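Next up: the structures, one after another.
In what follows, chain A forms one complex with chain B and a second complex with chain C.
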Partner chain A sequence: MFKLIGSLLILGVSSLLGFRVAAAYARRPTELRALQTALAVLTTEIEYGATPLPDALRQAGRAVGAPVCTLLTDAAGRMESGGGITGGEALQQALGRFAPESHLRPADLTVLQALVPVLGASDRRDQVRHLRLAVERLVGAEAQAADERQRYERMYKYVGVLSGLLVVLILY
Partner chain B sequence: MIPERFAEEILALLAPRLAGLISRAAERLTSPLEEIRLREERPLHLVLAKGDTFVTPAGALTADFTQAERVGHEEVSRTFQAVAKGSVYAWEEEVRSGFITVEGGHRVGLCGRAVTEAGRIRTLRQVAGLNIRIAREVKGAADRLLPHLVSGGGVCSTLLISPPQAGKTTLLRDLIRQISNGVPALNLRGMKVGLVDERSEVAGCHRGVPQRDLGPRTDVLDGCPKAEGLMLLIRALSPQVVAVDEIGRPADGDAVMEALHAGVAVLATAHGNDLADIARRPALAMLLQAGAFQRAVILGREPHPGAVRQVIDLQREVAACSS
Partner chain C sequence: MAIDVLLLFKIAGVGIIVALMATILKQAGKDDQGQLVTLVGFLLVIMIVASLLGKFFGLVRTTFGM
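Here is the complex of A and B:
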């Protein structure tokens, strides 16, 4: 009886681990796509609306789901709370909170880091140029992430379940 | 000598270290603070109503600029971003014209490297100098002047003439407030006033709401070109008096004439030292010849900004008063 419960536990845990790793592969492209959408909205707000940055960030946040939405509204909130922080600093601080919650790689985050010194600090044309560049780099990252997802997502699910089974068989 | 809401409106814009220095320095001032000037890698400079001074690294005042604290690159760019509320791109038109009006109606002049396109300034890059001009509301500034501008229960169309920094905006603001409130002592009932505030200087609008007291019957068109704004006011808001700051272009002259034909009194200001200066500028000369204004008021900086040097009754061409 104990053997059976133990085996089920092992199988459950290993499957769970496998599914989690697989989920990270599945979420990364989704988040990268959400970031592209958000930055595209931000570009439009800046280019055609000349909307003040906190409002523009909120608009962009509304276009996508968590956690990207949280990143943008967090940055907007930090700017509005005053204390003389610039748009870039607000983004930097919000990124610090966003990084552990997201499934993005450090390389993906550097695309956003590159926006820190420029966000809100120059004229419209310059802002649009930087945002477009960031979107392009995100598109590249997304293609790579989608490829990895195809290759590894199902594999890690199988690896989780099968390694659990293997351990159970060895111990039984 | 510290203006009202100085900490919220002015110090909040400055980079933290400068805010600390200036807040200490401001307590020692003997004359009202008019301008805070930040120039990259150069001494921190304050301009007062009487004279000017520099600020030392300890926050004390000094006349010797070699002793003064220098303003860093980072501090200028931080302050500029705070002035632009972290969204420089949203102020392109303002940056192009060289200044941004912030909450409270204070005006921040910009200096840096101009990027031109087809002979026009497209934007300023590397903003390296800022001039924060502190707007002051002096209630009662127009007390002595107003009786000369009222006749038969109405307000005369008036041109305020003054060199820069002599307080014409302050005076115009107080005139608007008093006319809008009404002055029982002068038998002046409160009148509907329309103000075209192209550069947000008079009303100091923030998100369309005047930050300065302009009376209960005043409508403000903020950030609107003067000529177009005057027409819009007359068409849509039925003012009895319209006010406009710094007229001078031909289109302004036509709009003022239009207002007068509509039976609306006009309060306007123009740069100049005297009536002769004004008569040399075509648009204004046209207005004077057409008898658009009933009064001209000449202002001066002595003995204090906003001092009325002369009120001229243009209908009689006789000096009515001088002080």
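Here is the complex of A and C:
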């Protein structure tokens, strides 16, 4: 009886691990696409709306789902809370909190880091140019992430379940 | 006798799972890991078989009083 419970536990844990790794591969392209959408909205707000940066960030955050939305609203909140920090500093701090929550790679985060010295610190044309460049780089990263997802998502699921099965079989 | 049959099924199961895992890893382009898994499975089975063989030789030795 205990043997059976133990084997089920081992199988469950290893499957869970496999599925979690697979889920990380599945979420990365989604998050990258959300970032593209958000930055496109932000570009429009800056270029045509000339909206104040916190409002523009909130507007961009409203256009996308959970993790990216929190990043942008967090940055907006930090700017509005006073303390005299610039848009770039607010983004930097928000990114620090966003990084562990997201499934992005450090390489993806450097694309956003590149916006830190620019955001809210230069004229409209320069900011728009940098935002467009960031979106372009994100598009490239998304294509690569989609390719990796297609290759590794299923593999990690199978390997998780099968390795659990193998351990159970050897120990039984 | 019953234990031997269980052990045989165990070896067969390890073989099936290792083969499946190696195929999937190879499909995903991780050939090196696939080979590693195959090697580990092979060693596991060898270990089981070696202990069985040891038991067998012990039995032979006690039977003929050597």
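Going forward, the second predicted complex is superposed on the first by the 172 of 172 C-alpha atoms of A that agree within 3 Å, B and C clash if a C-alpha of one lies under 4 Å from a C-alpha of the other, contacts with A are read in each partner's own complex, and residues count from 1 in each chain.
Throughout what follows, a contact is a pair of C-beta atoms (placed from the backbone, for glycine too) under 8 Å apart; a residue touches a chain by one contact, two chains touch by 3 or more.
In this text, all values refer to a predicted model and were calculated from it rather than measured experimentally.
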item: Partner chain in contact with A:172 - chain B first, chain C second, else both or neither; value: second
item: First (chain B), second (chain C), both or neither touched by A:90; value: first
item: Partner chain(s) touched by A:152 [first = chain B, second = chain C, both, neither]; value: second
item: Partner chain in contact with A:53 - chain B first, chain C second, else both or neither; value: first
item: Most chain A residues touched (candidates chain B, chain C); value: B
item: Chain B versus chain C as contact partner of A:17, first or second or both or neither; value: neither
item: Which of chain B and chain C A:163 touches, first, second, both or neither; value: second
item: Set intersection of chain A contacts, chain C complex versus chain B complex; value: none
item: Footprint of chain B on chain A - complex, ascending; value: 46, 50-54, 56, 79, 82, 84-87, 90, 120-124, 126-127
item: Residues of chain B touching chain A in the complex; value: 12-16, 77-78, 81-82, 84-90, 92, 95, 122-123, 125
item: Residue ranges of chain A touching chain C (in the complex, touch as defined); value: 151-152, 154-155, 158-159, 162-163, 165-166, 169-170, 172
item: For the chain C and chain A complex, residues of the former touching the latter; value: 10, 13-14, 17-18, 20-21, 24-25, 27-30, 41, 44
